[in-house]
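Chain naming follows the written order as A, B, C and D, and within any one chain the residues start at number 1.
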Amino acid sequence: MMNELLIKPSGVAAAPIKSVIGQRVFARYSLLFVLVLALALVPILISNSFYIAVANLVMINAVVAISMTLLLGTTGQLSLGHAGFFAFGAYVSAYLGGPQGLPTLLALALAVLGTAVLGWCVARLFLRLSGYYLAVATLGIGMMLSIVLRNEQHLTGGPDGMSVVPFGVLGFSLQGEMVWYFVLLFVLVFATVGSYNLLRSPAGRALRTLHDAEIAATSVGVDVRGYKVRVFVLSTALTGLMGALYAHYAGFITPASASFTHSVQFVMMAVIGGIGSVAGAVLGAVIVTLLPNLLAGAAEYEVLVVGLILLSTVLLLPRGMVPTLTAWYRGRKGRKAS
Amino acid sequence: MDAAFIQFLFAGLTEGARYALVALGFMLVYNASGALNFSQGESVMLGGMTTAVLMQAGIPLLPAMAAAIAVTLAVALLLQKLFSRTLERSGLLEVIIMTVAFGMVVRGVVHVFWGTQTRSVPAFSGNDPLMIGGATILPQVLWVIGITVVILLILGWFFRYSRAGRGFVAASLDPETAQLMGINVRGVLMLAFAFAAALGAVGGIVTAPITYTYYDVGVMVGLKAVIAAIIGGMGSPLGAVLGGLLIGLGESMTAGYLSSAYKDAVPFLMITLLFLVKPNGLLGKAPIERV
Amino acid sequence: MSTHLDVAELATDRSVNDIVRVQGLHKHFGGPAVLEDVSFSLCAGQVHSVIGPNGAGKTTLLNVLSGLYQPSAGEVFIAGRSLARLPPHHLAKLGVARTFQNLKIARNLTIEENVLLGAHARARAGIWAGIFRPPELVRRDSDLSVRARELLQMVGVEVDPQTMPDALSYGALKRLEIARALMAEPRLLLLDEPAAGLNQRETVEIGQLIKRLTEHNITVVLIEHDMKLVMGISDQVIVLNYGRKIAQGTPDFVVRDPEVVKAYLGTNH
Amino acid sequence: MKTVEMSVEAINAAGGIDGRKVEFRGYDDESDASRANTLVKRLIENDKVHVIIGCSLTGPTMSAIPLVERAGIPMVSLGAGSAIVEPVKKFVFKTIHTDAMVVSRLYDHMLGRGIKSIGIIAGSDAFGRSCLSAAQKLAPEKGVKILRDESYNAKDTDMTVQLTKLRQEPGLQAVLNCGFGEPAIIATKNYKQLGITVPHYGTHGLASNDFVRLAGGAAEDMIMANVSLLVWDQLPTSDPQQPVVQAYVKAYRAKFNEAPSFFAGTAHDAFFAIREAVRRSGSIEPAKIRDAIEKGNDFVGVTGHFRMNETDHVGLTPDSLRIVQVKNGRWKLVEKE
């Protein structure tokens, strides 16, 4: 109605706009397709299964980093307790699949559900807090979880940790780095495409607005609190899923997985690569996961090096690596064109 | 009061004093900038570690202390530069991350140069316990409590009566007006960082004979102190002290009468419960929401 | 598309003539009252300006009308619906859209996305839909994006919509906000100082734009300091002074009101 | 790690094991279980090692066990926890007494002195928990009564509260400290500070020279069970371990100019066990090394006399633990009671 009334519809202008969008989408997906194909070939080309193991860790961390990006990069909520949710998913799945003898697929599903419910409770209780308060509240939740994990020995094996049964689907047990590589690659691709879609969807626009224009969002009908709760639950559930997968993959978990340091690592992954950028989260996960392995011979430098990288990212590339590089690349292309 | 209770009380006060000193540091920086310095706990570590290292090299207590405070101050002033820059260019979120990273760098440097081993600082006046109400107390505990009280009195006097202190309060209440009135707001932030660092360093030094010191001693203290500051109502000096003492006492009483295994959960449980009933802390004021 | 049709029907239905009804509105923030016993009705499809000296409570009134503030006392009806205990984000569903005096633009969204945000209520904005991106969402979103570009052209923002809003001038950002509000297809549009910071030519253009909106049954509530603009395009003017309504009527009528001259124009001369 | 490096150098200098040079890859797991898990993967898959020494703590060892079992690489752990070898895992060995042995030895010493009712203060970390549960399991067998157990966390700085509660227990005759590191030192200090007079027992986790130095006078009179390494100069010449220990300490001192910790001693024995196994089997195939470690290993190490078999992957007995006591800031061997 308004279309016709307010201005004359410019049919000529409308058509090219659509096709431009179509082209761009195609270009993006084809790039992704090539990338996935290349990644799928990696284990065939590399026979050293230690590298595959590192790749698996990277992928697990990358998905958690993406879940962090969904939170931090959209609504700007900082969680310093994501390791708690990771460990919660891990332990629930380990406990239900191990001592309780549930099928691991069911255990995994319940673990994700449980983490989502926990995330929902935390969100309902604390999301009205903003800034530091949310960070400290999540920190508190994470800390308490890790203390409980350490002390409830009969459930969690205490500080020694507990071993976890291998993941089985339809009588087929997932074991070996190679099998896990493909499982995790699938999860990573799904998470990447899903969050990429989400971020540029109407819901994603609403979420990203909450970072610095909450009131504008409210005025156009965005249920600010509802979206914050939903994205928090989504993020925690995804983290819980990765925790559960990690537990079955590694075959062993300890309360250290819920530690504050681990939470900070997740934040770092999301920040170094670029707050709000899915590709940045993946890059951040790669860096943060590989560093300790590169420094394995000189572990005493690790805290320093990791700290320096994070510090210089925040100071020198405040938007993170990927967005800064993209902007630089675009700028160069722009200059060349003109 | 039975002897055990007094014993728990002193244990709680000693821990609480340390949390309170660091919480004050959080609060000073928050008041001057509206942002939190998550590496505040490292000043405790730096103070204690530097003193311990210097004393092991044969330097007497007082010069070692002075040098330790100087080192901590120097690090804090460097941090302040980065802090202001991040706050101006980016935002609160980036400041949190920057200070966490800065803390890692400080820990990392200490780790590389001084290693991970535990170090000790000798007690100021011997290790022979005193008997108080049937409880046995180390003289160092009295030093900790005494020095904390003295520091609090000095701070109280400074903010209430000295010119610089009043300027500080004015600037934290209303930075723009204060600037118009000729108060150097940047200087105020520097002062806040200096005070915060000195408080942490002193806290680290006086408690080192009791708690020992090692490269990551500051992490837990920092986390608990930020909780203390929030419990007290961020921005209120009295609240920070109160929060620190409450956490210290809460921990020791929980260990004494409930479960020592769950003692560490106390501050986190306290803050979670507090957030549910009084999100602005005990002595904090609710911000007025304006569009 | 159902809301779209509803709006169209309601807007042509002349029985709902008073789109806004305010009764005995009080608002205070713990201190002295910012608004005191304000009552008025606004006729649909007209431009209504709210004027008054600084601190008269104009923006507070706008915040109450857009549901961001709850009244301390009194009632507000929009299209016959009371706003009491209505969450602020529901106002958009009633057809209320607004702009802000000190811009509220999402800096991490592109210009186009900022405008698209206005259509939040009409878009498929569920989280799951966002993740799985069904073809229907894609189709609807690309329709919306065509519309967003048209609106940008209409308000005169003529840079690449894919760029970030940082690139825009202050005046262009103001117009971007108007485009965002129009994207919501409102029947009540609240504009908070749209001409502030604009040059002479831009102000005239904005005036023409606002006037054109009423031709399509959009009711405009305008807060503005530019008297020439207000007098030129308003059908009705409400004058506030120290939180009280001191006059309401046509521009000509209001200007002649002695109390208005004393309280408002008098202080200016 | 230094010990292993030293032994590797010595062996290679002497022409290797049967002419095979030993290559060594060492990583620091920072006592973190998931880190250990990755590093062990790296050792197995990337560095293609034939045998692994470590990890030095129970938690990290436990996290690595599924990996070595799957890969069939023998691992000789230096972790104290009983869980490592109970139940026996095919490829997992260790060259350090289990905490159960240490506790059992201490219980014997207590009973010898007429102590039947004790209190325990334990760290909430893996070491403390494992030690505590061993103590709880053994108590009824030995006829010792645990009146109360208290715990402390890794970053705790004050244990007077926990110790006060132990002191209040009527009939308390001794306190066993199941912990290591800073908190255990603080607990020891607090113990003296509170003026608790009943004997204070510690496990091998505390038996190091650093501990005595850091605890200052507070460690005086504390009784522990530990390997002979600490009192290497006090061993009687009749003792079969005496020459082994002396040779090791002297070599270590000469190289690093410091006294070896008991951890270093266990690493020495682990290396020795592997060296012997390779020599006897004449093979570097992991499976063969494993079999050789399990069968026929019978040697006197720094830690004790090892005799491993199918059901015992430690091969030590409590006998090789010495009761030592801190006297005038030095470790003193307590004669057999």
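Quick note on the criterion: a residue touches a chain if its C-beta (ideal position, glycine included) is under 8 Å from a C-beta of that chain, and two chains touch if they have at least 3 such contacts.
Here the structure is a predicted model, which means the values were calculated and not measured.
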Identity of the chain that, by mean CA position, is farthest from chain D: C
Chain closest to the middle, measuring from C-alpha centroids that were averaged per chain: A
Pair sharing more residue contacts (C-beta pairs) when A-C is set against B-D: A-C
Centroid spacing, where centroids are CA-atom means, of chain B and chain C in whole angstrom: 49
Separation of chain C from chain D, taking each centre as the mean of its C-alpha atoms, in whole Å: 75
Whole-Å separation of chain centres (CA-atom averages), chain A against chain C: 38
Centre-to-centre distance between chain D and chain B (centres being mean Cα positions), rounded to whole Å: 38
Shared-contact residues (touching 2 or more other chains) in chain D: 124
Numbers and ranges of chain B residues touching at least 2 other chains: 219, 261, 264, 291
For chain C, residues contacting two or more additional chains: 68, 100
Complex interface listing, chain A residues touching chain C: 1-3, 5-7, 9-10, 13-14, 17-18, 21, 194-195, 197-198, 201-206, 208-209, 211-213, 215-224, 230-231, 234, 276
Complex contacts: residues of chain D adjacent to chain B: 124, 150-153, 155-158, 160-162, 164-165, 168, 181-182, 185-186, 189, 192-195, 210, 214, 216-218
Partner chain B, residues of chain A touching it in the complex: 72, 76, 78, 125-126, 128-129, 131-133, 135-137, 139-141, 143-144, 147-148, 151, 215, 260, 264, 267-268, 271, 275, 300-308, 310-311, 314-315, 318
Sites on chain B touched by chain D in the complex: 3-4, 7-8, 10-11, 14-15, 117-118, 120, 127, 129, 135-138, 207, 210-212, 214, 217, 219-220, 252, 255-256, 260-261, 263-264
Chain D - residues contacting chain A, complex: 26-28, 30, 32-35, 37-39, 41-42, 44-46, 58-59, 62-63, 65-67, 70, 81, 83, 124-126, 128-130
